[in-house]
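Below you'll find the structure, written out as structure tokens, and then a few comments.
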Amino acid sequence: MILVLKPDTAEADVAPIREALSARGIILQDIVGASTTMLGLAGDTSAVSADWLMTYRCVERIVRVQEPYKLAGRKFHPEDSVFTVRGQAIGGGAFAVMAGPCSVESEEQILAVARGVKACGAGFLRGGAFKPRSSPYAFMGLGLDGLELLKLAREETGMPIVTELLSSEHLDAFAKDVDVIQIGARNMQNFSLLREVGQLKKPVLLKRGLSSTIDELLMAAEYVMAGGSPEVILCERGIRTFETATRNTLDISAVPVLKQKSHLPVIIDPSHATGQWQLVESMSLAAAAAGADGLIIEVHNKPEAALCDGAQSLTPEAFGRLMQKLECVRQALSM
Amino acid sequence: MILVLKPDTAEADVAPIREALSARGIILQDIVGASTTMLGLAGDTSAVSADWLMTYRCVERIVRVQEPYKLAGRKFHPEDSVFTVRGQAIGGGAFAVMAGPCSVESEEQILAVARGVKACGAGFLRGGAFKPRSSPYAFMGLGLDGLELLKLAREETGMPIVTELLSSEHLDAFAKDVDVIQIGARNMQNFSLLREVGQLKKPVLLKRGLSSTIDELLMAAEYVMAGGSPEVILCERGIRTFETATRNTLDISAVPVLKQKSHLPVIIDPSHATGQWQLVESMSLAAAAAGADGLIIEVHNKPEAALCDGAQSLTPEAFGRLMQKLECVRQALSM
Amino acid sequence: MILVLKPDTAEADVAPIREALSARGIILQDIVGASTTMLGLAGDTSAVSADWLMTYRCVERIVRVQEPYKLAGRKFHPEDSVFTVRGQAIGGGAFAVMAGPCSVESEEQILAVARGVKACGAGFLRGGAFKPRSSPYAFMGLGLDGLELLKLAREETGMPIVTELLSSEHLDAFAKDVDVIQIGARNMQNFSLLREVGQLKKPVLLKRGLSSTIDELLMAAEYVMAGGSPEVILCERGIRTFETATRNTLDISAVPVLKQKSHLPVIIDPSHATGQWQLVESMSLAAAAAGADGLIIEVHNKPEAALCDGAQSLTPEAFGRLMQKLECVRQALSM
Amino acid sequence: MILVLKPDTAEADVAPIREALSARGIILQDIVGASTTMLGLAGDTSAVSADWLMTYRCVERIVRVQEPYKLAGRKFHPEDSVFTVRGQAIGGGAFAVMAGPCSVESEEQILAVARGVKACGAGFLRGGAFKPRSSPYAFMGLGLDGLELLKLAREETGMPIVTELLSSEHLDAFAKDVDVIQIGARNMQNFSLLREVGQLKKPVLLKRGLSSTIDELLMAAEYVMAGGSPEVILCERGIRTFETATRNTLDISAVPVLKQKSHLPVIIDPSHATGQWQLVESMSLAAAAAGADGLIIEVHNKPEAALCDGAQSLTPEAFGRLMQKLECVRQALSM
């Protein structure tokens, strides 16, 4: 951490800062430049808040040199993390494909889709039982009944299930029945939920918030990991920008950047990023080529009858063709 | 709602749409242009999802003509809403100033600040008992003890208290003790919390999310109101943009836009929007001039000792000077 | 074009609109909904400005149904455009790789890089003679001397040259000597330059502006094409967002979206989008997988001695490895 | 300037950096922290490029401590600049109001508007002779004929004229006839135009680009000033964000931030920022309250007949009411 002082700062103004930091065991080093004086802070600065230092009116700027995430960062964990869920690996060379409908609608629907995506090679079944909807008047999902239907589909196909947790009210049900607990983009900074889910010690799929930076995503992962769950899967699902031709802008470069900074697996959600099924194939192939560890894709047996987000769902047939192309690209890259 | 069809769409492809919409009581009108055919939908389209219609592959685009918020919108409620909390009015010509520290730290601190801001003319005491922090290692607030200290300050000064609710765990405590329940920017789309807080039937201060549109803010208000709480105060607190000179970009034009679209009172938070106390005065005056119904401002008796966000806090003296200037501007505008 | 009227608009207010539009040969159709009245406009509305219609105070909203680009759009030109420059094809299944240094620095440098990238399979030599720099004190390129050095390199290697035009002052020199004239991101809406370059009837590489929408990029292409140059290559080079981990955010989904809307070839510039050579390989592979028609990549023989943008330059060796991987991915996708 | 090294960097890797910098007269200081080593650079680092340093692969990050604008910055010019144009002052307590139509359309129109705004107290006449239009098929302004009409209006009213320069082709005409030369948002980084206009040594009104940072705006001003024109007026006119309720988002906090960093006058363009005449009054009052040095406002005598941007134009009557309110707010603030 470096503290840049305002020009012509008197030593009397700096003294209280020196004192306060020394009291916390921080070692200070003066850096006197031609027109700028700085203080270098050495020692454990992870608990030193930049906000607090900025309140000293002689401080012009604070520069953090170290990243504030220790559990999620690659620094103290240089090798890639690999998790295994019901025999399905995520990370470290495996390519995890999670597929299924936006929301679970009926036994017939979820079984049909589950069989379809399994036949095409998907490893995980995704499906929403609780749906976050921006209108209070929209369909909110089948709730716990939806969870039961997902369990049925798991029983039949063997695929682990991935589904979104919206509220601490359902923590127990999720702890008991869900294989990978999804935290959605809108809850990425719902810190009380992050803490609670961390205590379940289950794999967590953490989606990047619409306007969250890569560092904020890693800090959210740090929350979950600090709670006790080391198995966090990061998911890029599009960020909000000025462009309106797609629902969001898929930040494909987040894949290599996250993998530089963190040891956690990184997957892409092309369905929510684009909002259009026509773009899902090209974005899935791009994700694989960019080095992602997997995908989460919406598949529906009857998109035009879907109760939500049908416009971004692939049919099982289109999903099958995509899986074949993905396989070709992945083989090409491993050569 | 208007449905634009793709060029050269066959009637056979449109027929299932006609059927599905007629079954819902929607009346359809064909609009045949030179090179484009459209369907106009009349009737109650509030439950018709654009997502669902987009799954019909002959549909090119959907245009919503009516806004989806009925309780929050001005259409069915043309006059400004005015709420009164412990004798303090918000909306309809009153100018509500909520002031206090980012977080409640001690009895001495909260009482000193409360007395200070009351003496300068603030109407409400704000202060955080539960703090959302992006690092799991940061100070999270005093929790329920902080709430007790706020009550003490209310008892002494008579000012109603405004404080943030982070989790449904504390709903009962807030229902009993808090005058205006704040929903923070990061929870603006925590829909389960919105629904729960709506059921308390208490005034709610709803902050706009960092990357939420004005329409999404109004939909979040609709959630709270649909739950049973008509008294929602909208708060613009800066949006996330590419500019980094300020923490966020204060969207000052949101004030007149929100007041066109909605009858609810609109206040501004210049402290969080800018992140710098030096900018709080000018942004507060701008907010008043733009027609805001009030402000929420951070004030701390010792900013350099604040446990969070001290850099954006005014001293009580600077707050006092601001209140005088605000009074001048408001008088000038009422001439 | 659809014109949505305000609620309770009197026919007397609409009459002047009807009259003004009829005078322009537009046919109007009333669409009367439950709570909204609209006017559908048929006929050639490309010269009808939405701005002008919005001045009628009874108009609430204008919805454009047709896209305003006729030459750049796919509607009247359904097949992909393919251009050939000195025997090198762009578009229609060919994959054009343009490589070279950010700026031409010396004969030795440009010849070394040109030979290096040609040996690895690049089809075009890129290099800046005139450099747009955000500081007036920075190196601005060698100017016309740089152009001479590019010609030397072309003579030796046979590769067509791609270089940026900054000012109409150099139109003649570019018309005579440059194979593909680049219009940079900062000049994408320099309309007088677009018009002038269009009159040269040479291939133009048009970079998307930092905060330009996909539709604005296509309108800029329309300018060049309306001037008389049909051979425009569109280039996505990253857009400005809130994320600061990369210099810009590569909008990879712009590739399939542009190809839906337009027949023009689309290439990606991973070097400027990310600003970091470490990210260039993964983003190049992603671009190929997403269906791009080519790449423009910075390569420098001594990145640490580059006079600009060395941090985003590949060495010829790294470029060679990338070309091999690209070949594998492209073969995989053609299976 | 501070150079943060990667962990475990060997001295052999740093040696070439030390050598290269010493050769430029830079003094280096090692800063050895617990887990990070840094190099502090002292001396004149304004010509040291961060891009160049980043090419050394042992460098993790560069931190610039000093701002790169010397002429535009407040550091070496602490007092506010005040310019006078035909007797009208800008900056330093004066409040400059520039008003007039988006584009000059006819003698009758420009004279009527000029008389109208002068009667209400405007100090400058604005009006476009050359218009940047995103469609090649739209009205481009009357060109040099428009300039003649502006001169007529100046002759009659005495008001100095402000109009936009689009191309170096018209430099001579502007040098001879225009009082304040406007550089529009789309040309803010048209560096060749900036340099040329700087050489005219006339007052320049520089609009912030749609997605330009405050620092980039100041660097563009530096270009003009380095060319020889010290009289630059900065203009905030809305930035591009995700919000679509207004055409752009007026960054009102840019006013105090620019005034902290620079001595140049700062004005606001509420017409282009919002795109809606209904929002112009509130945003103008907010600008005055935030400390702006003036406004540039579109006024048209017949907005519904305007050839461009009528939807954002005030009538002379509405402009007159605004001027009265502005006067009240400015008096209130000077108390």
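Here the chain labels run A, B, C and D in written order, and each chain numbers its own residues starting at 1.
Going forward, a contact is a pair of C-beta atoms (placed from the backbone, for glycine too) under 8 Å apart; a residue touches a chain by one contact, two chains touch by 3 or more.
Computed from a predicted structure; not experimentally measured.
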Inquiry  = Spelling it out: a chain qualifies if it touches chain A and also touches chain B; which chains qualify?
reply    = C, D
Message = Among all chains, whose Cα centre is located farthest from the one for chain D?
response = A
Classification of the chain A:chain C interface as same or different, half of numbers criterion = same
Request  = Take the average of all CA coordinates in chain B, do the same for chain C, and state the distance between these two points in whole angstrom.
outcome  = 39
Query = Roughly how far is chain B from chain D, going centre to centre by Cα mean, in whole Å?
reply = 32
Message = Rounded to a whole Å, what is the gap between the Cα centroids of chain C and chain D?
response = 26
Note = Flagged in chain C as touching 2+ other chains are 211, 240-242, 244
Inquiry  = Using the definition of touching given at the top, classify the network of chains in this structure as line, ring, star, complete or other.
reply    = complete
Remark   = Per the touch rule, the chain D residues reaching chain B in their complex are 211, 213-215, 239, 241-246, 249-257, 260, 273-274, 278-279, 282-283, 285-291, 325, 328-329, 331-333, 335
Remark   = In the complex, the residues of chain A that touch chain B are 16, 46-47, 49, 51-52, 54-57, 68, 132-138, 166-169, 186-187, 189-195, 209-211, 216, 219, 222-223, 226-227, 240, 303-311, 313
Key: Of all residues in chain B, those that touch chain C in their complex   = 2, 4, 7, 29, 31-36, 38, 40-44, 61, 63, 65-66, 75, 211, 240-242, 244
